[in-house]
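Questions regarding the structure given below will be posed in turn.
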Amino acid sequence: MNLDVLAGCVATASCFVTQVSTGLIVGMLLFLVASGLSLIFGVLGVVNFAHGVFYMLGAYFAFAAYEATGSFVLALLAGAAGAGLVGIVFERFFMSRVYGKDLLMQLLVCYAAILICDDLVKIVFGADYKLMGMPEAFATAPVEVLGGFIPGYYIFMVGMALGIGAVLWLGINRTRLGKIIRALAINPQMVGALGINTRLLYAGVFGMGCVLAGTAGALAAPVRTLTPGMGLSVLIESFIVTVIGGMGSIPGALVAAILIGLTRAFGAIGFPLFTDGLMFALMGLVLILRPSGLLGARTA
Amino acid sequence: MSAPPNPGVPILEVKGTDVFYGASQILFGIDLAVARGQTMALLGRNGAGKSTTFKAIAGIAPPRRGQVLLSGAAVSGKAPYLVARAGIGYVPEDRQVFPEHTVEDNLIVGAKAGPRGDRHWTAERIYEVFPLLAGMRHRMAGRLSGGEQQMLTIARTLMGNPDILLLDEPSEGLAPIIVRAIGDLIRTLRGMSVTILIAEQNMHFCLGVATHATVIDKGQVVYSAGIDELRGNDAILQRYLAV
Amino acid sequence: MRAGLMRDLGLGLIGLVLLLALPALFPHPSLRDFLIYVIAYGLLAMSLNLLVGLTGLVSFGHAAYFASGAYVFGLLMQGGAVSIPVAMLAAVGGTALLALVIGAICVRLKEIYFSFITLAFQMFIHSIILTWVDLTGGDQGLRGGIPRPPFLGIDLGDAGTLYAFCAVVFVACLLVMRQVWQSPFGYTLRMIRDNPARANFLGVDVVRMKLGVFVLAGTMASVAGIIMALFVSGAFPEFGFWTTSGEAIFMIMLGGTQVFLGPVIGAFLLQLLNHYVTIWTHHHGLVLGIVILAIVLGLRRGVADYAMAWLADRRAAAAPPATPAKAAAPAETKAAG
Amino acid sequence: MLTVENLQKSFGGVQATRDVSLAFPAGSLTAIIGPNGAGKTTFFNLISGQIRPDAGRVVFDGEDVVGRSSLEMVRRGMARAFQVASLFPSLTVREALTAAVTAHQRRSWSLLARFPLGQSRARVEELLELLGLGAKAELVSSSLSHGDQKLLDIGLALAMDPKVLLLDEPTAGMGPDERWRMIEKVHHLWQAKSLTMIFIEHDMDIVFKYAQAVHVLKYGAVLAQGTPAEIRRNQDVIDAYLGTDHHLAEGAA
Amino acid sequence: MSNGANVTGRRVLLGGAAAGAAMLAMPRIAGAQAKVIRVGMPTILSGRVAILGTSSRAAVQYAFGRINEAGGLGGRTLQLVERDSKGRPDEAAKVTRDLINNDGCEIIIDGEASSGGFAVHEVVRDLPVLCIHTNSETSSLTADPKLHVKTAFRCARQGIHDAVAGGVYASGISKQRGLKRWMTCSPDYAYGRDNTAEFLEFAKMYDPAIEVVDQVWPRLFAPDYTENITKALQVKPQAMYSALWGGDLVSFIEQSNLYRLFPNVALFSSSLGDPPVLTAIKQLPAGLHTAYRYNRNYPEKPANTAFADGFTALAKHEPTNWAWQNYVAAQFIAEALKRTNGRTEGAALAAELKGMQISSGLAVEEKLTLRDTDHTLIGYPTAWGRTVPKAPFVEDFAPIPWSQILEMETQWKKQKGYA
């Protein structure tokens, strides 16, 4: 433990700025993945244990598109859309058959999806490490803010994530479609009786959740190594975020992701030996004190 | 309301409908017709098959035999949402409002064009007809009383501009005084020539609001007539409605 | 019910004789290895099913107790101060204590939150194993093998004796679990599984009952861990990783949760599947995934449960329409009408 | 047997129970009526220990029991049945009753014995006979008819050998004939076991025919209490609940 | 794809009628005169480190293929049977037993990472066939006499050798450039911690001016290292040591590039010099220091280049560190079999392998030796070099003399109580 250093960092503008930005950088990709997880749980009531797969697929699709076209914009779109499409197929053909069944059935379908997709990625892309490479536009020196440094790509990444989060929030709370989706979460039969195609909507929401994970994967592809099975550690972290924030709550996912990000950023300064433990401890504490999470509505 | 394509044809027709749940048969050849502007009461004891008839019409419990026709076109076999789009506005029992939506958002979720693209029910028009809801438009629906929720569910379904409104047990579980207010509302809608089919156990309620009545028992239609005729038929009232 | 007990003891004895006879009839070491694997993972799956199938508690973190049994046992044996039976008792007792502490927190949570917190504790224990390198050897596990000094004239260094020992322990544990399954305790757990709130209103202390079975399941899992440690002569952090819990869950789903021996059948099938799939292809993830999908979406339940339901259907079809079918109709009418 | 004094409870600012004081003498049969949302079920939850009141006293069998858990209330002799039958779907009727009796006998922890325990048998047979479910003892609970499910729910409560039995809408969801059969049975049980019974009911015909006393709740407060005849004439009750056009108010039953 | 899968007549399955299908294999054609000598390989073929197994497998297949094409060993051919342990040590133990007991493998090449390696080691103690560990770098596996197994050898780099070499090299640079403030960033598990501690021990021994100002321990397989990198920005060390490897190292370097970390901090990496890592990194900064893992230009010998070309043709990528280790192990096995005239008993082969020397393109001088005292490989390249952005990615290899390494190793063993 090193509280003096921690206090010193908080008091120094350059360190504070850098570490806060670190927290956001770490937190924002987690937020994208976790918000997809939360959206799916909130509306469909299922836990998508295969969510990491869509993060991985987003990264690989982006990688493939970037290799083929050299366009970063196309790569992002390919990652998001590809993950979304696979998500819709997965929902329609597999996941939708275990709605309302017990948790274990859903767990196993997801487990199967993880096994199959990891193997398929290995067959198609190989077992070796891949990296998409940084687009030219971002190959600049980090931006200096109050003596702290923030890489340009990360500013873009955090901006994208926040923007997507804002659009998601507005979409769910302000648009008619969003209101219908919230209604679907509460009472799907009734929504159907009002003339709305609930199956299509379920697939759409599941796909949207996967688009969020895929976008995160695509955004990560320039800076994180691609390997089969790369979704796992992201899945576990985004689970922690979802549980802390409250299953089904997207604002909760944002708060928890930032919380985790800052915990890691300042934990690295103050408690370098226990940074990961802090995350688990935080989750355990939340589960014990407030099982439905910080902003979760459903009671446990 | 704009006129349906074939004015001579009943808006809703149920023909020889059998419904099964698993191996057990619930409905045995139900025949039912509702003409434009009627308020038809579907009467019967608990378990007689009223809700199942409604579910068969709404596409939730698809008939194994028989047909459901809307203005002469078959809707049976379609998914519930397609039945709703075809113009059947189904209000299930138990007042299923979206509790964490405001009153207005409940209406917005229900809003859709009618089967012929008509949109004569708007939120503003709803508030005229349901003045009680107007004052609560920003209230969470879950905070409304049982009677207010019942009105909201009816209003929400009207927002979909249906050709016919199906009300399943609108008086169930409500205090007698609220039941009367719901009755007043239905009479108002009747006055606006909205076609309505009501399933009820509460005979007295129905006698006050309906123009026609069909009585079912053990999954079969046993009587169908104008409401005044039923009122005078003590045999039917005694035998099937246990009054 | 004396008769039931005697019958179970008899069946247990027959099972044990079969288990012991198999390697004698087909004297090939790989059969023995295979069966020990089935025994260890079967026991783990059976113990998990006390929670999942009997009590309705879906634990995602059951492997923690498997690992705890293996590590405590392995460390005591490497310490060299105690004999195998003493180390086994200590490992089981230590794990019971661990399960008591963790369970006291976990069983208060419901449904998916229970699953999550058990998972969290498992990750916590796994990370302790990984980071406490001085004690556990970290990611490399307990190095240097686990000594198997003879006790009471039994030498577990001999592969045949080790197998026989494992088989006896296995059958003994099955009998213990069978007794739990058929006891008033077991039936009270079924009440909790079906409807905990109602059980509470019938004077059942739901939280304490859950804690009781949680500890019991933990101790049984620790025995499985001990068998595994004896067999591979080591203990590894993977024993306590979520994938081990996941496999145990898959075994009970594969075999069936409502038939007593379902999980063992699942363990057997999964080991068989794993064994052959890894031999014939390096895309075993692909194959295993497809098999899982086929079972979950095709059978929609474990094979033992499926077989039982199928038998029940056949019997129902053979007999004249039974009362249950008639009685069911009005209930459904009501639910629907 | 049971008295409550000045009971208060609010949920997130909404007063669900306001200053409720009621008394239920030993061996009485009392109905609680009121419009939806009047706080009837909340009242049951408060006295059975499921939720803790904000203020007030619950005196059960001469002792203040506020704050006791529902578990303890059951053990002290307060059992309840539910509006929607609350059963153990996968257990047979006999298994469910036996397990309930075993729990009542504090033998749930028996690990060494086999189920069913010998000492529960006579009691289970008695319950089966009392409920008239003997012929259906081996059926799985979930396959029972609606009425039998409600009956079994009451039977589970009776297995607790209660002093006070709370019934939440025992006739809910039944047809007219079935309703009368059900209430006859309940009435019979009340007489046979000399219980103190409190039931929530919407069917005024049943209430006025069987209840010895009627308590009317509205918006969480006591609107009226008295004999059925008094309640039927009570103008407040007519205004708030029965309404003037109710055929019962005109005395037609 | 799978070689082991296409074996015919390998096994016959009988479903046991009694206790629900029993598994049983027909006794194989055993003994010294079988036409084919089967070599089993438990390794990791799935998950994040699948490349470890795929490249190990390819290397052995390449070596066996060349031996078999040249007529085999006295008319007998070598055949590899590999099995995926999925990275689980207990699974590694199980498949190893199975390879020996069931598939008729008479020799084991243990292609597991360290943890699996210890598990396989214990199996070999039970079933004494010849086993060569090819991927475990943990020193204690062979250095600790308590763990000694008569028929087990290690044909892989050893942590302690690397640590001495790294210490010698790093201290040279630090003295020359005045690098006093050091930081470490290594994965939080036994290998990462041991490797880092040993490196620092020797670096400080040779240059006492070195001061470790901070250490960070990211989780193994962590996707993101930003908090560790920005920590380095705050600490401002002059040099950094990292035991990160594989995909983790690729992420770490690329993420550090975003912060322009390396122009200001001299990186010393134990694992950067591995071709798959070097080729995966899109913007490899120049001048990073790395230990040799594999390089087609070093040692500068035709045999090495031939191996690189041959392997690449088969595996479709450059050889990895694991590839050369397995390739060399296959050569040792072939030589031992030659000397035993095809006898495959573990004891007989072990007797030959003790102290065996072979000429190899991978030897830093002439020969590679399996040291008889502790059954471990010496004489392999322990050089350090500097990165350049384009192929061959690492240049200026500075060899560290084995005499110096062996001297330090002896001291270390005494200190540990191993000798």
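Should a chain be cited, it is by its letter among A, B, C, D and E, assigned in written order, with residues numbered from 1 in that chain.
Note that in this section a contact is a pair of C-beta atoms (placed from the backbone, for glycine too) under 8 Å apart; a residue touches a chain by one contact, two chains touch by 3 or more.
Here the structure is a predicted model, which means the values were calculated and not measured.
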item	value
Lowest number of touching-chain links that must be crossed from chain B to chain D	1
Set of chains adjacent to chain A and to chain D	B, C
Any chain that touches chain E and chain D	C
Maximum centroid distance from chain C, chain identifier (CA atoms)	B
Reference chain A; chain at largest CA-centroid distance	D
Centroid distance [mean C-alpha coordinates] between chain C and chain B, Å	53
Rounded Å distance, chain A centre to chain C centre (Cα mean)	34
Whole-Å separation of chain centres (CA-atom averages), chain A against chain E	35
Separation of mean Cα positions, chain B and chain A [Å, integer]	44
Two or more partner chains touched - positions in chain B	46-48
Where chain D touches two or more other chains, by residue	173
Per-residue overlap in chain E, given as positions that touch at least 2 other chains	45-46, 188
Contacting residues of chain A [partner chain B, same complex]	176, 179-180, 182-183, 186-187, 189-199, 297
Chain A - residues contacting chain E, complex	9, 15, 18-19, 21-22, 25-26, 29, 118-119, 122, 126-134, 139, 141-142, 149, 151, 153-154, 220, 222-230, 232-234, 264-265, 267-269, 272-273, 275-276
Chain C residues within the chain A interface of the complex	52, 58, 105, 109-113, 115-117, 120-121, 123-124, 127, 246, 249-250, 252-253, 283-286, 288-290, 292-293, 296-297, 300
Complex interface listing, chain C residues touching chain D	1-2, 4-5, 179-180, 182-188, 190-191, 193-195, 197-205, 209, 212, 323-324, 327-328, 330-331, 334-335
Residue ranges of chain A in contact with chain C within the complex	47, 94, 97-98, 101-105, 107-109, 111-116, 118-120, 122-123, 236, 239, 243, 247, 276-277, 280, 283-284, 287-288, 291-292, 300
